[in-house]
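Both of the next two complexes hold chain A, though its partner changes from chain B to chain C.
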Partner chain A sequence: MKRYLVLFAALAALWTAPALFTPALAALQVDVTQGNAQPLPIAIPDFVGDPQLGANVAGVVRADLERSGLFRPLDPRGFAERITNINAVPNFGSWRAVTAQGLVTGQVTQQPDGRLRVDFRLWDVYGQSQMLGLQFFTTPENWRRIAHMVSDAIYERITGEKGYFDTRIVFISESGPALKRVKRLAIMDEDGANPIFLTRGDYMVLTPRFNPTAQMIAYMSYIGNKPRVYLFDIETGKQEMLGNFPNMTFSPRFSPDGNQVALTLETGGNSDIYIMDLRSRAMRRLTSDPAIDTAPSWSPDGRQISFESDRGGSQQIYVMNVDGSGQRRISFGQGANGTPVWSPRGDLLAFTRRTGNVFSIGVMRTDGSGERLITSGGRDEGPTWAPNGRVLMYSRALAGGGGSQIWSVDVTGRNERRVLTPGSASDPAWSPLIQ
Partner chain B sequence: MRRIAPTTARGPRYGVVASTLFHGMIFAAALFTFHRNFDTPDDSHVVPVDLVTIADVTNVAAQAPPVPEPEQMDAPPPALEPPPEPQMQEVEPAPEAPVPDFKIAKEKPVEKPQPTRKEMAQDFNALLNKLTAPEKPVKTAKPGSRIIQGVGTGNLMTADLADALKSQIYRCWSPPTGAPDARDLIVDYDLGLNPDGTVGGLQPTPATAAQAAGNGYTRAAAEAARRAIYQCQPYRLPPERYNVWRQVNPLRFDPRQMMGQ
Partner chain C sequence: MTSISRSLKFACLSAALILGACTQKKEAVNTAPPPPPAPMASAPAPVTSSILPGSAEDFRVNVGDTVHFGYNEYGIQEADKGILGRQAAWLQKYPAVRVSVEGHADERGTREYNLALGARRANAVKEYLVSQGVSTGRLETVSYGKERPVCTESSESCWSQNRRGVTVVTGGANS
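Our next item is the complex of A and B:
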C-alpha cells in the first residue's frame, strides 16, 4: 500500500511540475509598432542566355521596380557572385554581403521556333528560399512587355498588391507656342517608352479615358469647333462621334463593364450628367440640377457615380447611385474640390483641390472622411489611378504658362516624381492591366 | 467421397498465361506511375525546376496584325495635311534623364492587346516554414495596444527586455503599408534566440501562418517581418537573463500606427 502511495505521489509531482515551472519558462511578449520604411534592397543581375536581351530585360525590371519607390535595385557592378545557371541555388551569403534582401535571377533564350523564352526566379536572401519562379514565351519584339510582366510578378509577390508596370498611359501631347498650342492624343507605355501620336493635331483634344479592356479611348475633341465626345479604337485607329447632339458633350468615363459611358451634356446653358448605353446609344439622364454637374466617375462595382457640382455655391464633390438617386455632397473641405476619380480598389476618391491659385491632388474615403492632400506642386490637377489603386498620375502645370508635365505619386504622398514624356504633356489616363 | 477436381486440372496453361499477363500489367503500370523516380538528377546542386509554364502558346499576342497608320483616321472631317514629324528639338530637355522621343509607327503603331491574360499560375515555395494551418483560419490577429500583459514573465520585470528587443528590431522593419485594411498586416512570430543573440528558431504563429496562406497582404507582411528579424540579429540582451528572452512569443509586428490607422 505504501508503495502505491509513493507511486501516486511521484505521478502527481510529474503532473504538477510543469504548471509550477511554466511561468519561469514563459515566452517574452513583444509588440513592434514602429518601423523604418525603406525601399527593399534587391539584386537583379543581367539575365543569362542572350547577352543583349538579358541585359535589356533586367534593365527594364530594375527601372520599373526603382520607379515604384518600394524597391532599391542594387548596382550590379558590386555583385560578388556571377549568376551562370538560374537553376542552381545561389550563394545567399554573398548576396547578403551586398545588402540584398531579394535576388532575381533570370534567363532569356531564343527558342528553335523563333520565340523568346524568359524564365526568372525570385529568391528570399534571408529566408534562403525561392519565392517565385515563372516562365514566359513571346515574340522577340515583345521583350519589353515581358520585362514589365516580370516586374509586376515581383512587385505582387513582395508587396501583396498587384503590379501596374504592364500598362499604358494615354495623354495629351502639347507642342507649339502658348497661344497656338497643338494638342494631340498620344499613348505610351507606363515607363514612358514607345510614345505614339494617335491624332494629327488638327483639332484640340482633351480628357482621354480608357475603357476596361484598354482597347478604346473616349475623349473630347473640338472638331468643327464644337466640343464633343468621341471614341477612338486603338486597334483600328477608327474614330467615331458618341451620339450626335446639337450641344456640347464632354467629360466621358467608361463604366466598369465597358458597356456604358457617363458623360456631361450641355443643354440650354445647363450641364448635367447622362449615361449612354454603347449598344443601343440610348441616353439616360442622372442629374437635373440647374447648377453645373460634371466629371462623373464610376465606382468599381458600377453601382455609384461620383461627380462635381457647384449646386451648393462652390464646386464640391457629390456621390449618387447609378440611377441618379441618393445624390449627396461628400466634400466639405476648404476651397473648391473637383474631378473626383474613384479608386479601382474602391476605397478612395482622388480629387483636385483648388484654394486660391493653388491646385493640389488629394484623396478621401468615399464618404468624404479621411481627406488628405498628397502632392506638393501647387499646380497639380486631373488625377488618374494605377490599376492597383496604389499610385496616381496627374498633370502639373509649369509656371508662366510654360506647358505642363505628367507626374506620379504614391497614394501615401511619397515618391512624387516626373513621368518623362517627349515635350509638354497633360491629362494622363492610366490603362487597366493590358489583357 | 468425391474429390473436387483441382482447378489446375482443367488446363494449367491458362493459369500461367493469365498470371503472366497480370504480372506484366502490374509491372507496366508501375513503370508508368513511377518512371519519374527512376530519373536520376544530373546534379545534386540543382534545385528542382518548378517553373510554371503559363501557357504553351505565347502569352503575348503572337504578332500584332498590321494596323492602319494611326494618323489615317476615319475622323468625321477628313484631315487635310500630313502630320508634322515630331521633333525632339522642339521640346525642352529633360532635367534628369533622357526623354523618349515619339515614333510614328508605320506598321505596328499599336500593339494589339492580348486576347487573354492567362492567370499566372504560380508555384510558390512553401511559405513560412511550411507550417500546417489550423483547421480554422483566424481572420485577424487580435488588435489592441497591449505592450506587456499576462502573468509570469509578461510583467514589469520584463518590460525593459521587450523594449530593448523592440529598439533593435524596428530599424530593420519596413512593412508593406498599402493594404486597404491595416489589420491584414498584423503578424505574430514565435522567435527562439540563441545565447549569443542570434536567431535560433523562427516561425509564424499558427494564426499568422493560416492567414498568410490565404491573404497576399498578410503573406507580404509576414515576410517583411521575417526579413527584419534576420537582418537585425544578433540582438544584444543581458546574458544573465537569457532564460527570460530565449523565447519570444508572440513577437508581434503591427504597422497600424505607422499607417495612421
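Our next item is the complex of A and C:
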C-alpha cells in the first residue's frame, strides 16, 4: 500500500493567524515521561464525508488515543458545534466549553478511482491554531490503517514521540483445555483488530519475533515433535527450518539489521547462545558455559547482546559484546531475572522477575541500575517493546491453567490494560514501525 | 470396552505409585541402595495378562515411564533409579524399540528457561539409560518446558508432578 502525506502548508499559514498572538509556550503538548500525567482532553467528532467510514475512522482514532493513556477523547454526544466543513476554522469557544484542549476534524471521501481520501486537521483549542493537517489516500479495505496513521500523527505532534498505532503484534493464540493446550501462530493489528492465524495448531509453536521489516517471523515450532527455530514469511506463507541441528533450537531474535538471528542451541542437555548468519547460514558460538544460557536480545546498535544465565546459581541477566566477549552479570536484585529485552531506544532492558511463583515485568538501565517493576499481575512474563520504547506488552497467565492474556503497560508503570485477543493468547512480539 | 477400563485401572495404579514415590522423595534421597530392578522374567500379575509383552503399553504399565525431579534440579533421584533400571532392562530385552525422553518443568520459570531446564532433565534420563547399557542411538530427547503440564494448580504437589522425565516408546515395539 502506498502512503501519501501532503502537508497543508500554504493553507495552514492563512488560518493560523490567531496563533501569532498566542505565546509559543502555550502550545498543546503532553510529556510522556510523567508518571502521573493527566490525560489530555481531546475532541474527535466523526469525520465528515462518507458517514459510515467517517464514523469508523474517528472511532478508531478515539480508541487508539484513549488506549495510550495520554489522551481522554471526549464523548461526541456532548459536542455543541457540528463540524460540516473541515476547511473552515472551528468555533474554538464552543470546543473550550466542552473542556476540549485539542480538536481533530476530518473527512473521508471516495475518489473517482475507488480509493479513499482521508483529510484531517489537529487544532489547538486554546491556542486557536492548527497544529497539523494531513491527507492520505488508500484502498477502502485499508481504512483502519489510515485511522492508525492519523492517530500516530496526532500522538507524535502532541507528545514529540513517534506513534505506535500503525503496527502489528505476532503472538501465540491458545485454545483447548489446560492439559492439552493448542497453540497457533497468529498476527493482529496493535489494537487487536484483524487477527489472522498463520498455523493450524497441529503442532505447538512458541516465542515468535518479527524481523525489522515485519515481513518475517522467527519462532519455535514442534513440527514432528522436534522443537526447532523456524522462519515464517508472512507474504508467501512459506515456513522454513532455520539450520538443521540434531537437538533443540529456541528463543530466536533477529539482529537490528535483519541479517542474523541470535538463538539458543541445546547440546547434550546444555543450552548456549549462537548467532546464525541468514545468508551464509554459518553459526557462531557466543557462550560455552555449562550453565543455561538463553533468551538473547540485541542492543539496537547491534553491538551487544543481553541474555539470561544461571551460571551464578540462579537465573540472572547478563550482557556481552556481539562477539561473545565481555560477558558480565548486570542483575543483582531479588529472585530470578530473565528474558531481558533491549528497548528500541537503547536506554532500558525490560525483563521478567520471578520470586517464588510471582512473576512481574520490570525495567532496568542497561548496566543493571535503576531497576523497577512495572506490572501487577503476579503472573506476567515475556515483555516486548513498542517501537517508540514507551509502551510494553507481555503475557499474563491466569491461575489454575485458566489460559493466558496479553496486556500492555506504559514504561512508567501507568495504564496497565488488557489487549483484546481472540481467545487466550501469549508471547506477544511487537512489530517495528511498518514502512 | 474391557481393555479400556483395565487400562484406566492400571493408569490410576501407576499414578498412585508415582505420587507415593514423589511425596517420599526428600527422605528417599538419603537412603543408600536403590531397589534392584524388577526381574523381567517374573510372572506378570494376572491382571496384566492382556498386555502384549514388548508393547508400548507393556512399557508404560508394567515398567513405568515417568521419573520426577527436585525444584530447579535435573539430577536423577535415588528413588527413581529403580524405575530407570527397569526401563533399561526392558529396552535391552526389546532391542528394536526406540524411545523419546520428554523433559518437563513446573510453572515456576520463564518459558525459555524451562525449555532449557526440560532439556537438562531429558538428557539426564537419557544419560542414565545409556549408563545402564542402552545404546544412545535408540534414545531421543525433547523438552516441553512448562508447556505440557499434567496438573495445573499452583501447589507443591502439583509442581512436583510436573517436574518430570517421561520415556515414550516411539517405534519398534510389539503391537
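Heads up, the rule we're going with is that the second predicted complex is superposed on the first by the 399 of 435 C-alpha atoms of A that agree within 3 Å, B and C clash if a C-alpha of one lies under 4 Å from a C-alpha of the other, contacts with A are read in each partner's own complex, and residues count from 1 in each chain.
The definition used in the following text is that contacts are C-beta pairs under 8 Å (C-beta built on N, C-alpha and C of every residue); 3 or more make two chains touch, one makes a residue touch a chain.
Bear in mind the structure is a predicted one, so any value in this text is a computation, not a measurement.
Superposition of the two structures on chain A leaves chain B and chain C fitting side by side, clash-free. In the superposed model, A:E308 lies in contact with chain C only, and not with chain B. Once chain A of one complex is fitted onto chain A of the other, the partner contacts of A:M283 are absent, as it touches neither chain B nor chain C.
Contacts of A:I187 after superposition on the shared chain: chain B is touched, whereas chain C is not. More chain A residues lie in contact with B than with the other chain of the pair chain B and chain C.
Look at A:G423: by the touch rule set out above, it reaches chain B but stays clear of chain C. In the superposed model, A:D119 lies in contact with chain B only, and not with chain C. With both structures placed on the common chain, the touch criterion links A:T207 to chain C but leaves chain B unconnected. In the superposed model, A:E156 makes contact with chain B only, not with chain C. Of all C-alpha pairs spanning chain B and chain C in the superposed arrangement, the closest lie 17 Å apart.
Note for the complex: chain C touches chain A at residues 74, 100, 107-113, 115-117, 119-124, 127, 141-143, 147-150, 152-154.
Of all residues in chain B, only 43, 45-47, 49-63, 67-77, 79-81, 83-84, 86, 88, 90-92, 94-105, 108-117, 120, 122-125, 145-154, 158, 161-162, 165-166, 169-180, 190, 215-221, 223, 225-228, 230-231, 243-245, 247-258 touch chain A in the complex they form.
Chain A contributes residues 178-179, 181, 183, 204, 206-207, 225-227, 247-248, 250-251, 264, 266, 268-271, 292, 294-295, 308, 310, 315, 336, 338-339, 352, 354, 356-357, 359, 381-382, 397, 399-401, 427 to its touches with chain C in the complex. Of all the residues in chain A, the ones that touch chain B in their complex are 22-40, 70, 85, 87-89, 101, 115, 119, 121, 124, 126-127, 129-139, 141-142, 145-146, 149, 153, 156-161, 173, 175, 186-188, 192-202, 213-215, 223-224, 232, 234-241, 345, 347, 390, 403, 411-412, 418, 420-424, 433-435.
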